[in-house]
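My questions will all concern the structure given below.
For reference, chains read A, B, C and D in written order, and residue numbers begin at 1 within each chain.
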Amino acid sequence: MKKEHEHKAKKYGMVIDLDKCTGCGACMVACMAENNVPFRADETDKLLSITWMRVYKLTNAMPFPKTEICYLPRPCMHCEGSHGHSPCVSVCPATATDYSEATGIVSQIYTRCFGCRYCMAACPYHARYFNWWDPVWPEGMEKYLSPNVSPRMRGIVEKCSFCFHRYQLAMEKAHYEGRHGLEEDEYQTSCTQACPAGAITFGDLNNPHHAVYKLKKSENAFRLLERLGTNPKVYYTSSRKWVRQAGDNYLRDEKDNVIDKSKFRN
Amino acid sequence: MDSALIPKGVRRCPLGHFVLFLAVVGAVLLWGVFAMVLCWIKGLNQTNMNDYYGFALWIWADLAVIALGGGAFFTGFLRYIIGKDELKNIINYAVLIGFICYSSALLILAIDIGQPLRGWFIFWHANVHSMLTEVAFCLSCYFAVLTIEYIPLILENRQADKVPFFHNLSHNMHEIMAVFAATGAFLSFFHQGSLGGVTGVLFGRPFGFREGVFIWPWTFFLFTWSAAACGPCFTILVTKITEAVTKKKLVKDNVIELLAKISGWMLLTYFVAKTIDTWYWASVTAPSMGFFLSDFYTGNPLYGWWILVTEIVVCGLVPALILITERGRKNKTSLVVAVVLASIGVSLNRWVMVLQVMAVPVMSFDNWAMYFPSWQEIATTILPVAYGIILIGISHRYLPIFPQEKELNPVD
Amino acid sequence: MKIDRRSFLSFIIGGAAGTALSPLPAKLTDDLSIWTQNWPWTPVPEDGEAIYADSVCTLCPGGCGISVRKIDDRAIKIEGMKGHPVNDGGICILGLSGLQLLYGPTRVKTPLKKTSNGGWKKISWDEAIAEVAENLGKLRSEGQPQALACISGSDQGTVPQLFRRFMTAYGSPNYMCVPSSQDSYSITLKLMQGAQASAGFDIENADFVLSLGSGIIEGWGSPVCMFKANSACEAKKGKVVQIEPRLSNTAAKADQWIPINPGTEGDLALGLAHLIIKDDLYDKDFVGNNTFGFDDWTDDKGKSCQGFRQFVLENYGPEKVAETTGIDADTLTSLAKSFASASNPVAICGRGQGKRPGSIHEFIAVHALNALKGSINRKGGVWAVPEPNYISWAEPETDAVAQKGLQTPRIDGAGTEKYPYTKSLLNRFAEVVGSEGESPVKMLFVSGANPCFTLPDTGAVKAAFENIPLVVSFSSYMDETAKAADLILPNHVFLERYEDVPPPAGVNKNVIGLSKPVVDPQFDTKHAGDAIISVAKALKGSVGSAFAWDSYEACLQETMGDKWDSLNEKGFVVPDTAPACEKTYTTPSGKFEFFAAGYEQVTIEGDEKWYPLILMPYDSMRLSSGFIGNPPFMTKTVEDTVLKGNDIVVEVNPLTVRESSALFVKDGDYAILSTPKGKATVRVHLSEGIMPGIVAMPTGLGHTAYDEYLAGKGTNFNELIGPVEDPASGLDAAWGIRAKLANIAS
Amino acid sequence: MSTSEEKTKEVSANADSDSGGAIILFFIIGFVASLIAGWIIFPKLLYCQKKQPIDFNHVLHMEEVDDGCESCHFFREDGTYAGVPKLEQCVGCHEEAVGEDPEEVKFVNEYVAKEREVPWLIYSKQPDCVFFSHAAHVKTAGMDCVTCHGPIGESTSLKVYEENWITGYSRDIWGQNMSGLKEHAWDRMKMDDCAECHVKNNVKQTSVQTKKGACFVCHK
């Protein structure tokens, strides 16, 4: 029984092809529109702007005209840490954030969270956002809010859930049809679906038949801040060395031989 | 007018002066209360915190007051467990300062959380893996202990003492105070430590993260140690300030010197431990995560090498050396300099372990984040100071806080 | 027994004990926290049945299929439609934000009439139609039907055509469309291929894309289609080379970015042609059999003329071109070689999103490159996509007044001898109308356009609008033009209305889409098609009888004929007629014609002495710079190196600052940006990704209308630039303007 | 030590002689009054009573339909649960009044004729943060409606709906018993009740933190 359960456990993850990402921002809006993310008149202070999915702009810091730019979309990494002890999950004093062994998703329960923000301090990716204000939609605009994701109140932390409600809805359909599991593509995140350049692939990292499994094993694959031991479930691929190096911190004397990252991977 | 309430055989300033004093400090207190109410009603957008600074001035204030309030547990520990009997002459004041510090910490926490009405979830839905849970439990328990330690003091008020029940209660509580002191010391060792653990366990933050033993990172022990070292210094400092304000000698020098000497040795050993910790972290822990020490102290307008030197040498080694030498602690000026430096040192350490952790960029493409508190944050942080001054004022006026006062200031 | 203090105390203690043993404390604590979990002011979206409704997005000319997720009768999310030939499930950032336009505060909720003090008065539709008809009637009775002008966002589709028909029946030639680089392309195709067509690029199947400043992944043409094509091209190891002075996103994603002196793109194309011809690398088969004017030739009168080959060999040697363009000769040579050695190379121009037309000479030079490699009407090349022909209404009958009016010359001079191929010249509008004196336009319709924001020299455009006695806007939103109008007849938003969607711009996809109502109209709005039909009917006479349809929907159904059913069901039809222009040229020679003279650069406005820098616009996917204003979600994604607070941020190379004597700024500092057309306070972002001497400013900001989420943010680039007339087409060819950056204090 | 004890006794003896009776009496008065307030008055004050717009007879309807509860409370094709029927379903039979019950007449006149949805008050309404899958419970786990909803199908009339003033919750979530004790599975619908059953049946006990149910099983 136990064995079968383990066999069925999924580990949802994402591979983002940075060569394809154009920095258009569709993933950010797809996420906001899907997840009832509020907005305010001035969102230019990015340290106060709730963007579960944020696209960072990286440069190689070379002078004109050798300058290069790379965009890097950053959802929640859904870190596994070691045995599910992601940086944020283990510190939450009220069990408002949790790691599920069945899906590998780091959940955030808005009604449990009491806003101590310890998890934000713990997350090196700044994937967690605090509701500094009450969410307010201009009159009439609350009509587009989705009932599948509950709007957050002021004073609590929120973050990307890998569109978990889509998993719930897909599972509900599966239950109704008498199935016990999901086909790989029944559950996709909103950003994956929207990306016009097709840069995001989402699926079960444990499934050797799924595209993500192959992609994460690519030569060019890397994860953000692997050295910290956060063990993230979002992989990136880039054919450019400087981009892969930007994914982590290296000491000066390491810079040249960091491409063999196998020692950082588990 | 209030002479009936004032302990026998001591002199106090006229009631008018005292009320004026209360009014002035009370105004500051009200300003803080106003800011606090604003934060509760309008939410934490009243602060300058942001998604990079989830922890900021308040958490620093929390950590700092608890460290400074550490005089209560450590003096209690020395008095009741180790048996340094002279310290009974300062223990009352240490307890009072501790009580003020801990109640302030709880108040600040109640403002700091985004959903104060759900604050009890930390107990009800506790996650035992979280350092903050440990902090919450120990903090509340120790606050209860401090309250129990403070109550007999209140009951010793001249009027209260007249009630036989209160008199006996107070007496009996004194009898068993050693038990509470022991409990308090035990709890304190833990929560001072777990406050250190709060940052030390953050393995996503190379600046704060420390290795350690079992579930406890080295900061766990360093925090307890530094609180034990600097808490009594703060007690001495407040005593000296009180003496200066009341223009009276309240505690005998030998008591102060004993405490100062112990603090000095604690501080010196802490300095050694902290240096080893810093060295190990700088040369092993941080590099394994891809960071040089210089990454943490350069490339930003505030957090430079000066902070490391100030914290460890200027506010660590220097006061330690002053306090362990007899001449140093016997000289009034150097003693005060030392306890001031030690208090600044521990506060600076807490600042670094909270604010600088937030400031240091971790992702290679991220930037240093700078922060300056809003007036609401400042007001609510000053609020406990005002409250503390008021409580000290009232306690000093009406309660026999300093057992040696009568002897040192005979009334003609 | 007396009740004293102790009894009272005892009562309290008893009460406390009792309370502690009652459910009150626990329940109250619990309920209070539950209250915070369900604060009445935090909205709770109502649940219901989830369904998807398919439609087509018309927020840009991209023509993407969309699936709108609905809960009961609320639209809650717009997604890309899977299997749609244009976007196959993909969707852009603007399309995703569409519901914020539908439900947003910027909607005009009822017909509005401007009051004498500048406020707005709600009026009924009957009043609105009657008012428009009355004024139109007056103008006609004065024998001045040509004093009515119309600005339409596009020329294609039934709604623009209904407006055009109205103008004809009414008797005014002054129907104008908002220009884009597609207009320049149409003229190019007309001149070189004789085709009445728009240009469609098959990027997907190209193996080498030479883009001269076109933002192929920044919204050029049909954005999502281009994104997908670009990804497909790269997946097949195709190469993209981006030529422009700024490291745009397209440049960043391209295999190679070559910065160029702006405005010299035509020279580069001819320089490459030189190298290709010199090394005999061109497609001899195509050039030999299908083109005219490559070799020297003799005209009818026996005069010998220089051919393209000789022309470029003589005039565009690599050294000279290297000097003009700032690209060194080696790079030019290798670029020419890569282009020529590719099997399906394609060259594309039209800067940024291609929203601005350009120099015809430049377009012709670039198109000549495609001809040299035979990349005309073939896989991976440029296709002349014939204009859609599904609208085949009988010409309206015109009465005497109309006929007389129609014979008056167009106010903008389009289609005259000087500019025979140009359909309309909206860039001349402000000048023609003027800011004072009697305006030749007495009444103006604006539909699907926001000229008071998108036209260059916006200040002059707004002044011209002031000078027109009656401006009628058909906008759904309170945009700048609606704000400047006297009457607003608000259109339904795209999610509330039927409308045909002509084939998407810039790609060779022959798809006709149908935009369908996904939700009921939210406010008292009316389809612009219905509004114009109603106005016509109210005018009666020949104008009224030109609009025999009962409603717009009836008109659309009749127009689509047998396509209607499948359109309505699938949301799109792919007409089986293949692009008709394949391999046929309707030029005088019957072949593709090269041009061998008269290539000249467009000189931008401003004196270098006073304005040492060049200000150029840049387009971004995150900023809608067309007639639709940025919805809040999009503005939220804008980086703080583009907009900070309400300040616009311009990009400048650090070298520009170092070499300037008037500018001492650090990254993020304020400066004054001035051009011959205007001044603005900006913040400076020092970026290595831009050529020294250039100031790059984002487009799409600086709205003065719309809501608090958009108005007052940044500066409108169009306020700082004026039009520069292209000598060949009359269209606006300004790609920038000379400018100065100075410290605020100085 | 002994002296102080004696003194205490003495003191209390003194007190007794004064007003000891009164003190105890007042203690009892306070104690009983607050118990009454907490157990009886407080619950009455906490909940407001609301009447359903139409009284509904489940028994009557159960006799008429073939499929039991699912005849009216059905699943949609995407597996979601439609819950309380919309007017659309009722109109199938009630285009006109079928009987003479005044409630039915009211229903037809007020709602059917005016095409207004009936604003039913849902006893088992869960807050917005809850994701509850009927399909998982009914289809996969094979549970009966009664397990959570109780024998509501055997009712001939709708009980009064009680709404918590503070939280807006239906009384049935906390349950009728103020102490929070329950007799039947359907007596309460708090999170702990869901969790209890999930633990018992080992449903998705995949939380790393608690080794119990992961949060995202039932929350959205």
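In the analysis below, a residue touches a chain if its C-beta (ideal position, glycine included) is under 8 Å from a C-beta of that chain, and two chains touch if they have at least 3 such contacts.
Note that the coordinates shown come from a computational prediction; the quantities given were computed from them, not determined experimentally.
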Given chain B and chain D, the chains that contact each of them: A, C
Innermost chain by mean C-alpha position: A
Gap in Å, rounded to a whole number, between the CA centres of chain D and chain A: 37
Where chain C and chain D are represented by their mean Cα positions, the distance between them in whole Å: 56
Whole-Å gap separating chain A and chain B, where each centre is the average of the chain's CA atoms: 39
Chain B and chain C, separation of their C-alpha mean positions in angstrom: 63
Interface hub residues of chain D, defined as touching at least two other chains: 78, 80, 127-129, 209-210
Shared-contact residues (touching 2 or more other chains) in chain A: 45, 49, 85, 90, 92, 95-96, 110-112, 134, 150-151, 153-155
Per-residue overlap in chain C, given as positions that touch at least 2 other chains: 32, 35-37, 44-45
List of chain A residues in touch with chain C within their complex: 19-20, 22-26, 28-30, 32-34, 36, 39, 41-46, 49, 51, 55, 57, 59, 61-65, 67-71, 110-111, 134-135, 137-147, 150-155, 190, 193-199
Footprint of chain C on chain D - complex, ascending: 15, 19, 21-35, 37-39, 42-43, 46, 76, 78, 80, 82, 127-129, 164, 166-169, 174, 178-180
Touching residues on chain C, where the partner in the complex is chain D: 1-4, 6-8, 10-19, 21-24, 27-28, 31-32, 34-35, 37-38, 40, 44-45, 49-50
Contact set on chain A toward chain B in their complex: 45, 47-49, 56, 58, 72, 81, 85, 87-88, 90-96, 112-126, 128-134, 153-157, 224-225, 227-230, 245-252, 254
List of chain C residues in touch with chain A within their complex: 36-37, 39, 41-48, 69, 71, 74-80, 87, 89-93, 96-97, 99-100, 102-105, 217-218, 223-224, 227-228, 230-231, 234, 247, 249-250, 252-253, 257, 259, 522, 621-622, 632-641, 643-646, 653, 655, 687-692, 707-709
